[in-house]
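Order as written gives the chain letters A, B, C and D; numbering starts at 1 within each chain.
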Amino acid sequence: MNTPYERLIRFADVDGAGFVYFSNYLSMCHEAYEASLAAAGMELRTFFGEHRTLIPVAKCQAQYLGPLQSGNRMRIEFTRTSTGPDSFTLNYRVINLSAGDKLVAIAVTEHVAIDLQTLERKPFPVVFTRWLEEGGS
Amino acid sequence: MNTPYERLIRFADVDGAGFVYFSNYLSMCHEAYEASLAAAGMELRTFFGEHRTLIPVAKCQAQYLGPLQSGNRMRIEFTRTSTGPDSFTLNYRVINLSAGDKLVAIAVTEHVAIDLQTLERKPFPVVFTRWLEEGGS
Amino acid sequence: MNTPYERLIRFADVDGAGFVYFSNYLSMCHEAYEASLAAAGMELRTFFGEHRTLIPVAKCQAQYLGPLQSGNRMRIEFTRTSTGPDSFTLNYRVINLSAGDKLVAIAVTEHVAIDLQTLERKPFPVVFTRWLEEGGS
Amino acid sequence: MNTPYERLIRFADVDGAGFVYFSNYLSMCHEAYEASLAAAGMELRTFFGEHRTLIPVAKCQAQYLGPLQSGNRMRIEFTRTSTGPDSFTLNYRVINLSAGDKLVAIAVTEHVAIDLQTLERKPFPVVFTRWLEEGGS
């Protein structure tokens, strides 16, 4: 398990209806992923230089279950699943802490490792695999 | 069929790797949807006041097939499918016009109509249903 | 003085050059302002309903002094200056904690209180004035 | 003079108050600048590789004069002023075409050319200077 990621929903996160804009949920999930990498001493950008590796999102999806508004405090939890030497999946739960810990969205991102130059698939750097395994249940 | 939506990929659309940030593809798809509504004389915000109706995204997904960088010109095409009196699905194709019209992403958004106050499901306003039917194939 | 606002620079914050996109500095300053309001139990949205008051930014400016990249940890400090019954100014300093606490930007936002319906200037709600005074030096 | 830049204000452009978020005006001004460069066959990213040159914003400011909401159509006009061999200033006017061509914001961005590696100031590439001069009045 990861340390949950928490933050305030801001004025810029919501759209013209006053609720978090649908694609911003996915950005916030990616924030939680980056925060977890940072806690393990890693950062996506450094993989470019040190390992010539990009780790883009190959697929994503989200399902919206309840409202989330500016001023609400939210938490994101996620689990990591290795799906091969060059791919993994993150499953996220977005929780509205200002509304009785209601689950307001679930999301999934699938990631792959590719070469910075050729954009061909390649195995993850070892340090990354270690982070991935620590999060396994 | 809709009029395709085209625009330049901008410096702010891309992330630290130089490619369009994964959730921005979904925002751009929503841009194409809003442009189509506007061409039909509609705007999401006006439904609030006139029809007490919100039409949020209930689910979304995207799959990434190729690179899209700042300075590239892209086109988004989409088809509309009514899935009930209060729901519809849009299927998008994102094409990189600066790379031989390569298909770089596909995406889906599922929308529902809900009441502005109760957030309960309700049928679409008639003007909206008309837009939906025009896009059917 | 305010509690400084700190967070990680994320992959989505930077642009095609790998540095934080210029207007995102201003968004991050606004984040720090919203975090300070939240710490005082306030939220911009609630002023609409309870006080029929909007508190928009009337002017802003920023000056960029050094680089800030994804993975960097940053801190924002700001001071508050009342400039009348319906206006105030915030002066921000953005510091790169990952580069020897280097000052990487300064920014200013000027805010006014206006009526939700008429958009005419009006005095701040009392609770807001209290927050403003607490931050005075 | 430049070809004016026009587009629809989108649901994602506005904030919790229903108006365009203050820093998004500056992003939209930058869009207009990028569109003008693109019309001249240039793109900011290509300067990195071909000329080892970054052209970041060194200062910016904006003043807000009226509302701009989702569904509104807006136009941005700007003038270019060379301020030295390695700097220039753009002055923008943001106009709400859906509200009697009302001027809703003015903005300024000051840009400099710097070396990709050293981040030291350096003269603009010749092609860029040509674009700059064409826009002079």
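As a working rule, a residue touches a chain if its C-beta (ideal position, glycine included) is under 8 Å from a C-beta of that chain, and two chains touch if they have at least 3 such contacts.
Owing to the predicted nature of the structure, the values given are computational and were not obtained by experimental measurement.
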item	value
Per Cα centroids, the chain farthest from chain D	A
Pair joined by the larger number of C-beta contacts - C-D, B-D	C-D
Over-half contact-pair match to A-B, picked out of the listed pairs A-D, B-C or C-D	C-D
Chain A-chain D separation of Cα centroids, rounded to whole Å	32
Cα-centroid distance, chain B relative to chain D, in whole angstrom	26
Mean-CA-position distance for chain D and chain C (Å)	23
Set of chain C residues in contact with two or more other chains	11-12, 16-18, 21, 23, 27, 30, 44-45, 69-70
Contact footprint of chain C on chain B as seen in their complex	11-12, 14-18, 21, 23, 69-70
Chain B to chain D touching residues, read off their complex	7-8, 10-12, 18, 27, 30-31, 34-35, 38, 43-46, 69-71
Residues on chain C engaged by chain D in the complex (per definition of touch)	16-17, 19, 21-24, 26-27, 30, 44-45, 48, 54, 56-64, 67, 109, 119
